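Presented sequentially are two complexes of chain A, the first with chain B as partner and the second with chain C.
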Partner chain A sequence: MRKLGVLVFLVLSFAFAQKVHLMWSGAITGPTSDAGKYYAQGVEDYCKYANEEGLTGGLTIVCETRDDQYNNANTQRNFEEALERGDPAFLGYSTGGTLQLKPLIQEVGMTYIPASYHIGNIDPPDSDYLFLPIVSYSEQVIALLEHIAKEKPGAKVALAVHPSPFGRAPVPDAREAAKELGIEIVEVQEMAKGLDYTATLKRFANKGVEYIVYQNVAGPVATMIKDARRLGLKIKHAAAHYAGGPDLLRLAGDAAEGVIWVTSYYMPYEDAPGAAFVKKLGARYKRPADTVESVHYPSGMLAAAIAIEAIKRAHAAGKPVTGDAGREAVYAEMLRLSFDPGLAVGPVTYSEEDHVGVDHMRVFEARGGRFVPISKPFQSKLFRKVHYGK
Partner chain B sequence: MRNPWAQTGNYRTDYRQDTAIFATYLEMLSLWAFLAVLLALPLFLSRPQMFVLDLILVYALAVLGLNITTGYAGLINIGQAAFVGVGAYTAALLAPSLPFWLTVPIGGLAAAVAGGIVGIPSLRIKHLYLAIATLAFQIIFEWTVGHSTILKQGGAIPLPRVEFWDYRVGYKNHYYFWYYVILLVVVVLAFAFRNLLRTRFGRALVAVRDNDRAADAMGMHPGLTKIFAFALGGFYAGVAGALYAYLSRAVVIEDYMLPVSIKFLAMAIVGGLGSLVGSFLGPAFLVLLDLNMEDLANWLKSLGLSYAGVDIASAMRPLTFGLVIVLFLIFEPRGLANGWRLVRNFFRNWPFKY
Partner chain C sequence: MSYFLQLLVSGLVVGSIYALAALGFVLIYKASRVINFAHGQFIAVGAFAVYALAVYLQLNVWLSFGIALFFTALIAYIVEKLFLKPLVGQPIISVIMVTIGLASLLDGLIHLTPFGGGNFSLPRFLPEGGVSFFGVSVSYPQLLAVLLTALFLAGFGWFFQRSTLGAAMRAVADDQMAAMSLGVSVEHVFALAWAAAGITAAAAGFIVGTVSGINLESLVAIGLKVFPAVILGGLDSIPGAVVGGIIVGVLENLATGYLDPLVPGGGTAEVFPFVILLLVLWFKPHGLFGTEEIERV
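And then the complex of A and B:
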């Protein structure tokens, strides 16, 4: 009888728990969906887990993942629907979609957490409500340059970037940082979807390039790495978050051996609580191995965890968590959010001046078909100096 | 008599009557009634729904332009998104200093100039080769934007909120305000499109499309006609781009890239090449199909009708888009406009129905 009472209480409390909607809009199909589909699964699974484990402070968070097909108009429509419904925060995806929505985000005051770590998202104007889950691409690239400068002082470096704001944004900061580090950026090459990079690589070799730093997506990086190996070049490759990871290993195979990669997330095979958590959730929600191995799966989880934590804290403070007042309350919590969900190598901390959640990252190296960490969690020493001048 | 409101015979006695747009006053009345419905539509739609409606109308403008270049003049254009982009970037650059009712037509004119320049190769080449030339323009446009600091290298150029007399546009009335602006522009430009074929310039487009040597022999200038087609098609696209820039409140290169050009072509084909009605039916059909497929995909996903690693529900949207194009090309190359023609003919008394 007592058990029945508890069961009835649980069912009733679930049924009468206040529902708060949280939408993610990203590419489950279309360009970059190789990352987006795993990111979406991460959002969905963390949301289910948080509801089931009572991590939502008595609220029921209804997470909805929308496939915007990497189409900005679809992102805008989804954002409008979330706004109309009274959602207190929004989980976004692409660089273009986020940049396009910035004026509207600023006007309506909706907390927005994109999957794009583009520095322009949090640079003024219209950036008050945008929060990056981890360090920006610009900081990642500078961290790679710092690593290279330590490994080979005075090295000659080429940047291979995606031909878009996503790819180009770190270039000016990287040039400044290279000067400070005493290394030389001999060329900046834009590349996407090329089938053969022989000519580019030969040119790099003629210029004495020793390292190529990629701010790109894994596909073209894999092609270039394989071409470099075929040509027998002794150039080392270093990749920012979306340019490397397990996706690159899958695409480049043996050629990826020795590639350096920087990210704030754990790999699922690491001996760390964050990695065990990702595996646990993957198993719990019956995700296939490729989902659990993907770095985009914990990335989606982290974005959902940040939004849910801010909503939970706003609710715990007795504030409304839907509509105009809900957006305001969640934003106020975001500005003082400090917690460690354990999904990345550092805690999530935001403030009025700091809109980057996890400020730390690690350098990995591909060894034996896996990326293994070769550094402790660290922050870039130069990024703030070259980007903000402080 | 069956359908007494419909046309009962051919009573035209001169050329002016022959080129009349409406056969009966009832046809004219039906258009006015339709416009009245369009004017009242915002009373019943939410903001996200209004955005979809605005989007369909903007796409329709771009497809109207494509139907002038490709539908009327037969010049395959796979760079329409770039023309839309020229209009959008022009509007975005001028928006801080000029009112929208000036930036929108200037955006159209800038795209018309670009169209005239892109049309120059059509003096020497045609068919697939010309299509490649328009593709080259698309690529050059993307490259130029990507390397121009004034255009933020493809990053966002925000547009300010507009004011019209004392009416201030905020986020709550944004899509409603722009709906009426876009609707006005659509009505004017659709009217111009419909009347184009009633002018010698419009008829020259079709003549050059069907046989440029014969058109030349009849005193038309095929080269200038082709350039005119590109310029006019570009103007429509540029106006669409400027309106889209205001609608989305920022210009980002991704909205004007090659896949978008392909989408416009798909809309023109599905709607029916060279057709006014098709220019509206194509965008409406593809946009609404996508929305409905999204709902269906989400529903299938919620039922768990996919197994590990294969997300059938998510694949449905791109799959359906491709399938629809192929099915239209095979079974109804004249597009939805032909369906509309068949429906209208069903209700006609004349000819053959007594």
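And then the complex of A and C:
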């Protein structure tokens, strides 16, 4: 009888708990859906888990994942719908969509957490309400350049970037950092999807390039790495977050051996609580192995965890969590948010001046078909120097 | 010199993959005057069929490829019967719109399978490395691409020139009314043209998957990327598809090799073939090998 009473209480609490909607808009289909699909699953699963485990402070968070097909117009439509409904925060995705929405985000004052780690998202103007979950692309690429400078002082480097704002994002900072590090950026090549990169690689080889740093997606990088191996080139490869990971290993096979990669997330096979948590959620919600192995799955979880934590704290402070007042309250919490969901290699900390959540990353190297960490979690001081001048 | 030779050979290899993918466009257009904007989706169906058979059912890759050819041909045949057949005799713009809708439909259906998002790789079935000659290197998957393209071209060449069905298809392409008066079933020919295009699409998907991995967006993009090759060669010409594909492949490589260093950021491979395409079409509006149609009024 007592059990029944508890059950009735739980059901009633759930039914009468205040509902707060949280929308994610990203590419479940269309370009980059190879990342977006898993990111969406991460958002969904963390949201379910938080509701089921009572991590929402008595609220019911209704998470919605919307497929915008990597189309900015769809992202804007979804954002406006969330705004009209009174959502207190929004989870975004693409670089293009985020940059385009910046003035609107600033105007309406909605906390916005994108999957794009473009530093321009949080650079002025119109950047007050934008928060990156982990370190920016610029910091990732500079970290790779620092690694290269240590390994081979004076190295000749080529940047192979995606032909989009996403790809071009770190180029100016990388050029500045290279000067500081005494390494030479020989060429910056925009690299679209292709079937063969022989011409580019031969050109790089003729110019004496020793390292290629990729700010791209895994598909083209895998083809380029395989082509370099076929051509017998002694060039080393280094990839920023979206250019590497398990997808790269799957596509490039043995050719990926020795590739350097930088990210703030754990790999599922690591002996770390964050990795165990990702596996636990994957098993609990019956996700296939490719989801659990994907680095985009914990990325989606982290974005959802950040938004839910801010909403929960605003609610705990007795503030409204929907509508105009809800947006203000959640934003105020974001500016003093400091917690460690354990999903990445450092805590999430934001402030008025700091809109980067996890400030640490690690360098990995592909060994025996796995990315193995070869550094402790670190921040790039050089990034702060070249980007902020401090 | 070896640099130029390498660019040329790599261009030929990529061009032969384009040619194989372009063949499907031409087969359908040649028989029915329909431009199939869903061709990229058929390429994806072929690639994913090979993957599913080879990985999930653990069949031999070559056997998987054979079954995938048949499967994709069957899908294309059914699609023609369901969606295109009712449109025989309707304005061409309606038919084109149907193929665009078909592309969205197939995209959506593929997204309902595990293959919608994600990157996949076929089990290794070719040795590592490749062959080298005069300082030029070609990988085994690339070599396979060239061989398969040559094989398919020879096969279709023989089919159109020597077989009764091929002759019937040529007759329909030439004059539908005349072909019908000779007892050729135009509807049957149309469906067979789609099935044949399905075979070439599956072959192209298999090759692209072997060379650069399997990803829905990339495969669909190949289907559209070969469009300039088809226009360049002539929409209704099989040799034109081959020549057009190879020209586009070679131009892309030469542009990357020689023009990219002159342009900050590079990326001229995406533009240069189109510049050449415009110039060619200026002088030869029906493409290099396309049939020039003269209407007398």
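The rule we apply is simple: the second predicted complex is superposed on the first by the 390 of 390 C-alpha atoms of A that agree within 3 Å, B and C clash if a C-alpha of one lies under 4 Å from a C-alpha of the other, contacts with A are read in each partner's own complex, and residues count from 1 in each chain.
In this text, a contact is a pair of C-beta atoms (placed from the backbone, for glycine too) under 8 Å apart; a residue touches a chain by one contact, two chains touch by 3 or more.
Being a predicted model, the structure only gives us computed values, none of them experimental.
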Side-by-side fit of chain B and chain C on chain A, or clash: clash
Which superposed partner A:80 touches (first chain B, second chain C, both, neither): first
Chain B versus chain C as contact partner of A:128, first or second or both or neither: neither
Touching partner for A:180 - first (chain B), second (chain C), both, neither: neither
First, second, both or neither for A:30, with chain B first and chain C second: both
First, second, both or neither for A:151, with chain B first and chain C second: neither
Contacts of A:253 with chain B and chain C, given as first, second, both or neither: second
First, second, both or neither for A:288, with chain B first and chain C second: both
Touching partner for A:365 - first (chain B), second (chain C), both, neither: neither
Touching partner for A:222 - first (chain B), second (chain C), both, neither: second
Where chain A meets both chain C and chain B, residue numbers: 28-30, 37, 163, 168, 190, 288, 290
Contacting residues of chain B [partner chain A, same complex]: 46-48, 51-52, 55, 146, 152-156, 158-159, 170-171, 248-250, 252-255, 294, 297, 308-309, 311, 314-315, 317-318
Contacting residues of chain A [partner chain C, same complex]: 28-38, 163, 168, 187-196, 198-200, 202-203, 206, 218-219, 222-223, 226-227, 230-232, 247, 250-251, 253-254, 288, 290
Residues of chain A defined as touching chain B within the complex: 28-30, 37, 66-67, 69-70, 72-73, 76-77, 80-81, 83-84, 94, 96-97, 99-104, 107-108, 120, 125-126, 163-165, 168-169, 190, 286-288, 290
Complex contacts: residues of chain C adjacent to chain A: 3, 6-7, 10, 13-14, 17, 107-108, 111, 114, 116-121, 124, 128-130, 137, 139, 142, 208, 211-213, 215-218, 221-222, 252-254, 256-257, 260-261, 264-267, 269-270
